[in-house]
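Chain lettering (A, B, C, D, E and F) follows the sequence in which the chains are written, and residue indices restart at 1 in each chain.
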Amino acid sequence: MTTTRYEQGWRKLMEVDGEGGQRVIDSLGDIAPDLGRYVVEFAFGDIYSRPGLDLKQRQLVTLAALTAQGGCEPQLNVHLNAALNVGLTPAEIVEALMHCIPYTGFPRVLNAVFTAKKVFQERGVL
Amino acid sequence: MTTTRYEQGWRKLMEVDGEGGQRVIDSLGDIAPDLGRYVVEFAFGDIYSRPGLDLKQRQLVTLAALTAQGGCEPQLNVHLNAALNVGLTPAEIVEALMHCIPYTGFPRVLNAVFTAKKVFQERGVL
Amino acid sequence: MTTTRYEQGWRKLMEVDGEGGQRVIDSLGDIAPDLGRYVVEFAFGDIYSRPGLDLKQRQLVTLAALTAQGGCEPQLNVHLNAALNVGLTPAEIVEALMHCIPYTGFPRVLNAVFTAKKVFQERGVL
Amino acid sequence: MTTTRYEQGWRKLMEVDGEGGQRVIDSLGDIAPDLGRYVVEFAFGDIYSRPGLDLKQRQLVTLAALTAQGGCEPQLNVHLNAALNVGLTPAEIVEALMHCIPYTGFPRVLNAVFTAKKVFQERGVL
Amino acid sequence: MTTTRYEQGWRKLMEVDGEGGQRVIDSLGDIAPDLGRYVVEFAFGDIYSRPGLDLKQRQLVTLAALTAQGGCEPQLNVHLNAALNVGLTPAEIVEALMHCIPYTGFPRVLNAVFTAKKVFQERGVL
Amino acid sequence: MTTTRYEQGWRKLMEVDGEGGQRVIDSLGDIAPDLGRYVVEFAFGDIYSRPGLDLKQRQLVTLAALTAQGGCEPQLNVHLNAALNVGLTPAEIVEALMHCIPYTGFPRVLNAVFTAKKVFQERGVL
């Protein structure tokens, strides 16, 4: 059953984060493999696999949570790619980040938008 | 034109936050009326009035940003009401808050869910 | 196996948080029972049940993480009780909170210490 | 010499925070008296006693730091009183809080302004 | 009138942030031009253009808000330059950052001071 | 006596942080020497020199406080070295960081673990 949560989580991680997610898990292999396992089993196997919100909605929530916290640029990079992977357009992503301004102020949003700029350039969608 | 931004923002504030938003603006009247004006003009007249995301999507982003920041329970109260106002179901709202767990940890989500519990009880939707 | 993680987590939750933890899980029953389940299965079944640090060490880490984040007074209440439950003395707990001053500044520590004062009074250890 | 830092700090604490500061120190007496001592010696004896900025400037910095962090309403209460004590007008205080909007967003500023409203009412300056 | 807010904001942005501010607006041009527009119109046209505090006082508040939030080093870079532009001395700036220690702890202040070190070196004032 | 606090603090800083701590103090020499002095006198002379918790316990608290705050990677680098210096094993350190997941979410812990990976590689303990 742990295997099932892991397998379920891995499929979801691949669907959402793709290569960027796999790279994070791989880079944890020699220092904290169980941390990678919990990302797969809990974040993706338990949470992302729930019904109730579709993947576009989940990425809107994720982008806002990461933007608001600050200091999560590496995770924003992964999840900006994920947002594109699940079908949000660059314009929708930028709109979601800009919607955070009244709640987080400009600095958090500027940091997120400049991270998005790099991701969009790498993906050739800017 | 300032009038127009204010009028546009006020209509949007009423549509989204309703009474809860009006109470915030009113309570600022004797200490910082311009703060209330900026909430109306900038947050609602400029940001909420943009196309690109619908009001349900904007409330998902708002709930996540407020949950992730912490210490925003009064604003969560207003925007949990707003989320219901624009048509998100209680189940979708709880799902959005739970989606934040991997990004914010349990304490921020517990605080948000207990705020939601009060709002849902007041609205008779729990 | 999910049952086993839940059972393992529940025993650990009872051992660490006791009644305070049970109250949190119970109060989630009508709004977000799965959130309570994840606290049991993931936080206590997966993380707290790991070897490598004993429960006193885990509570030192927990208190510091909650103090540093801010806005987690309800969770600090539960985990200050937990710290006493696993055998940390009131003096050790206060020392751990004071050790945070250089890292978090005084306000976060003052909020935590005043929460500790209430808990210690309720437990009759002040 | 510790006595000197303490004495210097106590005079500065009385000058800046007045009764509100004394109440905080007193309330720490039975749980963490050394925490109170460090507030006096370090925050007020070392930092507030430095030349280079006057007390009005220091309170502007303090109010912004507390507003931006969030969850520091009890400390904001003390330091909004302090801001009045050192000669900032209610209008200057509100202006400083409103200046934070672009950097922190509206929720942090709303929490601070509503705390200011209570303080100004208690002080009869609203 | 929107034009007027923009023009007013642009003049203020040039007066305060100078080139560093212009670079931020320019770099948003291809991904989120409206974000740049809001920085000009709202942050500088509305907020910075208000009476009630002079520009030195506003930069003290800005530096404290950015230091306290953490993760805002790019914005601190711009506003440390701005602080010099409006006439604060390097010593006053460092003093303001050090005044934050009791409220934010050492790490946030160290990050801000090391950012100041780079800015002061670039400006030839260290 | 100030001398004594400084001397006491310096010895403790050397014992705990070693070279990494000295480098921080040195790099403050030309911009904010008093900031370095307060780190030595207050953080190490006052706080770290207290009885009540041993140095391993203090580093567990430190790592959690820095991880939870976010944006403190430079300070985590110093204190991950310190954690090794006072005798915590790499496995215990990783365990302490992973224990933060339920309280801070994955992004803060991932940032801390990747900082630990660099430190452990430099120290040849990975």
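The rule is short, and it goes like this: contacts are C-beta pairs under 8 Å (C-beta built on N, C-alpha and C of every residue); 3 or more make two chains touch, one makes a residue touch a chain.
Just so you know, these numbers come straight off a predicted model, no measurement behind them.
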item	value
Intersection of contact partners for chain B and chain E	A, C, D, F
C-alpha-based rotation, chain E on chain F, 0 to 180 degrees, nearest 5	120
Chain centre separation in whole Å, for chain E relative to chain D (CA means)	23
Separation of chain A from chain C, taking each centre as the mean of its C-alpha atoms, in whole Å	28
Length of the line joining the C-alpha centres of chain B and chain F, rounded to whole Å	39
Multi-partner residues of chain A (at least 2 other chains)	34, 38-39, 42-43, 50, 66, 69-72, 75, 98, 100-107
Pairwise touch network: line, ring, star, complete, or other	complete
Chain A residues within the chain C interface of the complex	1-2, 34, 38, 42, 46, 50
Residues on chain D engaged by chain E in the complex (per definition of touch)	39, 42-43, 47-48, 50, 52-53, 57-58, 60-69, 72, 75, 91-92, 95-96, 98-104
List of chain C residues in touch with chain E within their complex	100-107
Sites on chain B touched by chain C in the complex	70-71, 90, 94, 97-98, 101, 106-111, 113-114, 116-117, 120, 126
Contact footprint of chain B on chain C as seen in their complex	24, 27-28, 30-32, 34-35, 38-39, 43, 66, 69-72, 74-75
